[in-house]
């Protein structure tokens, strides 16, 4: 005889790969979402003991506190170089950098392009929040035209400060790039898509398919002067049109993968 | 003559502004003055504080380990600074955010329910002014009028409508005069 | 002119503007960022050039390029960013260009922290870049001095075709003090006879730091050394406090110098005959003045916010002829007047410094606890 | 009948950002008006019946502060 | 009555903007061709007195000796930053950088991307000779797969050293780029096309249309171990297929220009 | 083992390989390039890691990353490239990692030239990066020494979790001399208790140089200073020649030291009682030894291929108790033995050094002609 | 009849790279077998009649060492 | 005993190789030796030279201003080094590339038509060996056999067929023995 009872099932819990500490991020900052997604993917792939993260300089400088696996912390912009050093001597490990847009697309442009061109088998989680969060909201290479920041008080004037860089599109032109996509974290659907992309990025690395990067549109409610919920809306309304969500380079072998 | 005042609390409690106001007032009185914050957006969260030094001579250190007076706007600030106030100095405590007694007996202590008073006045943001008023009443350094003038001179025009409320906040705080120290 | 209450970073920025700053290139870094932020509004308002560079490497080389044209230019940064400028600084020195750079020092090494420190002394004063070169280094101790030194730095740089570094620390960058601002000058674009601004009406010119033929390079090196001799002879700046009848003195620069002043006053109040010697130009260092002073003293206490970098210069200058003691705080901590006072007491009361190096004694006293 | 669910909030992680509040399709979340956590934030809480355990709040939460449960049929023999 | 006589006409002479000195380049090195073309364009536009060049570090480090206009010399890779400094204080001048592929696409990648993104109104002459000439023929980011160099003695192994960077294509993704093309100098026709491109690059600058860059496929007979003529052939046979000649970004306004 | 004739750059590279070098990251620059080129063939042949970085910034940070894992790592460069490593070096020092860096110095400042020089002394020895830190600095004077020092550098680095710099100059990099190579070791990958190589079977770890809380940073600074005290006590290296009965001595390091040896021999042949003191470890400097030596001498001549950078240290150490003279060549020029001999003659024959600084006297003698 | 042309070689610029030799459509260029310039190179020279003054040699020359002339009809009244 | 030899000429004349050969030979004889070139591909064009120092004691300077012997393979090298040869030293001049007389009389001078001899031998590349032979014949430093052995030991196998010609080149050069110096 069959017995049907209602049983409570766990739908979601904090991933193991996140350390049991509070973050220092501002309330509602989607750095936290990105952290969580990375941790979930690492849990699912079971590679926590096998992963080395490289934190960069920016609000995520303390990322090493929040993940429960080995971490190092790189000089501003140089995370891809440090990651390269690690990956070259430990090719069997998973190596990830976690970088902001000032870090990656301004001071660290040389290193990220070189790593991508080399097809360096690392995974880059790239948070694009359209400003320099940690130092108080200055203009980043990703700041939108007209966007006011503490170093573009009149709004970014493209005649003077130039145009925002679409990093994913640019890096996708490099032959060494195995997986380069842009995702956003402004609503549940996009968060889910972001997680899948992070998974694919790590799968790219696992399968030795070259450089992988997920650009994540992120918020900075504090420096944007918005509530967290307003900030998510601004991502959707202002950032997504300029930074289209999409796959810019996907190694065909990835499409065959089962996991 | 040299007096050092530390104002400490959570970020957002108006700690830095209260210190600047004091600084302006002292400067306008022709005194030497320095103001220095615990700084940096890189230091997210946690507490904020600033040190104001007022003197009639060239100021050496802009920071001190033993201030003449402290305004502690919350418990962590009280914990941190209670022991540091100079003997015979002044400690102004925001009773609304502190649930313990002050232990020191060798200093003047003014315990002010500043949040409650500010809320009574209709604006939570007045908390710092209430405490500043209490400080001025307990530390012989500047007349309240000097601070009021500084407010007028340095508060952006668009906030001038708040001047009366600021003034009242200081007055209310100024009623919390501590008894002279026993020891 | 009335005094204004100004944050150090802003005061330096506005002083540069008033000195006729034509172009600023920089990159954000705490505790210097307000300088950049202020200029991001102020320079365009005056129709002058402000550009946030892609990095400190970018910034120093933009300044390098702009300086080639005869324009008054400046960049600023803090310790890690300054390290990134070292190659560029060496090139600018080798090309003999006038450039002003502000370094608002923070705790290090590495990423360290953003609190005030003075641990770039060696890097800036003794050449953190390759090759023999000598920037002029000025260390303000208060906002007025920061303004005055910045304002004068450009003339100095142009007079000697030299780099001038304003070496401040995080607390000076962040603190507010009332100060007077100097007169406003138009943006300055000179056409000295070496500058490359387009060759209309004259022979073409070039500017470079390459001298592939060693004798040519050596000639340049000698020229730089001779110029440095001249600068050493003419551009020394320092401040003295209570030294007339002093038997002891504290030596400190910038913020640690001004903090020491409090300690010196306190010690004087106790009857100790002590004064303060505060070098303002760290390069050229007031060597002669300190040496002469040392000859009539019983002891010196060097106070720094580092592990004793200037200390070595003081020892070298005073030639071990009098006892020297050292007190340093590191990692972003300001020495407190009381701590310095205690060191003064020790120096005065304990018998003359025993053998060995003052740094060793300091470490023996404080290094163990930490 | 929609599935039944519930959430647990790890109070000390929550920063009261209200992103989950805005995202909850059932509108059953709100910040606890009185309670403060050790960081001084009002943590979120379930204010009404109706949680389906869909997990959307957890998906958007930047602090991984939420645990989500859902009732499912379990068959035993 | 009409009188027909034969008269000698000057078809070609050394451009005025070239200084009257011998270059130090190896025999047959197309650095010389690039120099000549730049000088011709500057002569034709009459902007010699109005131009400031920025030499880089590489075989062209002494470019300042060979052009008869003002020049400065930049640290390795930083020519775009120096050029930016100059252009910002002298916006009416023409500012040109002259850079090799090691200089521009390796150590100087950060600066060139930033300058292009800013739409910096400068002209970049970018010599791609698939190696580091000056230091003795090491691998460059542009070295072809399998190509032997003094630092890839077994031939460039893309698994280890990664893939060559197609710089023009990459920079063309940036909104600040006004004119980004690739040309070659391996035969008369291509030299002519190269010259036109250089002209258009300077016209881009003249008309304030943003960043302009001409990538020029160039030879390094010395380090390639070939005769100059063999080297030209290798450009045609090996380099052009990997680095297609083409226009990667052309501001539409340029098409309207008459000159 | 038989001696082989080897170029300095190659000898250093092979010595590192034999010391168990696991990974090399570098960028070409004359006069160091052969080191990189040699390893580009040698390392892959042994199944080890060679990577040409995108720049010196890339190289130093690759080395930084690789060192975090416990691997034996090295980078190399020459002066301008070394300047670009300053930020990374400060980070590595702040993270307390063992890393070996070779600097084959050339003429500067700026682009300068590729001829041999010693003008990075200050940059390397006194901290060209920001903050307080102390690399161990070893200056070989011949190929055998270059091999031996490089071979030992890794153990030293690992023992103290310290940077070790092999400070050579272009002529040492380029010259050939017969030398013996040490025993070959396998590529070394250690798992010390601080390294981050994946956390399997243990608690996770992290490595960083950030200490946002000043007291934590100061603690680290004190730890670094204490370690440096230990290194100073234990790791001093120097060479003495003809000093037993000497009345005078020349002090020189690396190539200028060995050149001075020729001059000292020539002077001895004329009956002058002179010897040579050649510091091998520039940091820690053989302070005590030089001081003790100086006490029994009538005069010292410092010879360098720069404008007198080590000179200041020598003056500081000898405390102006004996006359010191200076002779320097710059810009890529090697001092010739005859020139040094002439300076020895002057020191011995002319009355003791007059007042003022030895550098001033040197400039007075030579600076004018140039 | 093809146009008549001629070239002048600035000997001291020429490095004898032979690029012009290979490029000349008429095949009328070669290095001077005996002559050396001050740099020690054999400079190029016209070895035969037939130069049309097309200028192709000048277009490919890396040293700007060549001057090219061509005869054209000139009409005067 | 210490001898310093500078070999100087155009790049491509085998200057560096001739020096290395001498170095190997001395080393194999158990002598101390250093070889140092004027270096760097960054120095394109112009002259090349190297200095070889041979000694039975630890060698100080690897470069000298007054060498014991000089081989000048072309005119610029003669111009540069003639005056530098030590009194009583040796100067070997490649007559084929030098169209002037040697002025010094206080040194031994061997003037060798080395290019012509090499061409006679059928290989222009032998020029350096001819001059090296002349050097060995005029400077008491190493037996010719030592250099021949060094050639055998250090010339790559594939070039060993050239050994006899090299030997002959040295022999031919060795016939140019300068008279003892008059002064």
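As written, the chains take the letters A, B, C, D, E, F, G and H, and residue 1 is the first residue of each chain.
FYI, a residue touches a chain if its C-beta (ideal position, glycine included) is under 8 Å from a C-beta of that chain, and two chains touch if they have at least 3 such contacts.
Note that this is a predicted model, so its numbers are computed, not measured.
A.B. asks: Most remote chain relative to subunit F, going by C-alpha centroids?
C.D. replies: D
A.B. asks: When the contacting C-beta pairs are counted for A-D and for B-C, which pair yields the higher total?
C.D. replies: Contact tally favours A-D.
A.B. asks: What's the distance between the Cα centroids of subunit D and subunit G, rounded to whole Å?
C.D. replies: 85
A.B. asks: Can you check how far apart subunit B and subunit G are, centre to centre, with Cα atoms defining each centre and the answer in Å?
C.D. replies: 88
A.B. asks: Between subunit D and subunit E, what is the separation of their C-alpha centroids in Å?
C.D. replies: 60
A.B. asks: Nearest whole angstrom, what separates the Cα centre of subunit A from the Cα centre of subunit B?
C.D. replies: Between these chains, centre-to-centre, one finds 43 Å.
A.B. asks: Specify, in ascending order, the residues of subunit E that touch 2 or more different other chains.
C.D. replies: Expected reply: 25-26, 61, 73, 75, 77, 106-107, 109-111, 113-114, 135-136, 141, 161.
A.B. asks: By residue number and range, which residues of subunit F touch two or more other chains?
C.D. replies: Residues 30, 51, 54-55, 57, 80, 87, 91, 95, 110-111, 114, 208-210, 212 of subunit F each touch two or more of the other chains.
A.B. asks: Identify all positions of subunit D at which a residue touches two or more other chains, and write them in rising order.
C.D. replies: In subunit D, residues 39 touch at least two other chains, as defined above.
A.B. asks: In the complex formed with subunit A, which residues of subunit E make contact?
C.D. replies: 77, 106-111, 113-114, 117-120, 141, 158-159, 161-166, 169-170, 173-176
A.B. asks: Contact residues on subunit A for subunit F in the complex?
C.D. replies: Within the complex, subunit A touches subunit F at residues 19, 48-52, 54-55, 61-62, 64-65, 67-75, 78, 81-86, 88-90, 93, 110-111, 113-114.
A.B. asks: Touching subunit H in the complex: which residues of subunit F?
C.D. replies: So the residues of subunit F in touch with subunit H come to 3, 5, 30-31, 114, 142, 170-171, 174-178, 255, 258-265, 334, 336-339.
A.B. asks: Please output the residues of subunit F touching subunit C within their complex, sorted ascending.
C.D. replies: Listed in rising order, the residues of subunit F that touch subunit C are 57, 79-80, 82-84, 86-87, 90-95, 105, 107-115, 117, 119-120, 122-123, 126-133, 208-226, 229, 306-307, 309, 312, 315-316, 319-320, 329-333, 359-360, 363, 366-367, 370.
A.B. asks: Going by the contact rule set out above, which residues of subunit E touch subunit F in the complex?
C.D. replies: Within the complex, subunit E touches subunit F at residues 57, 61, 73, 75-77, 102, 106-107, 109, 132, 135-136, 138-139, 141, 150-154, 160-161.
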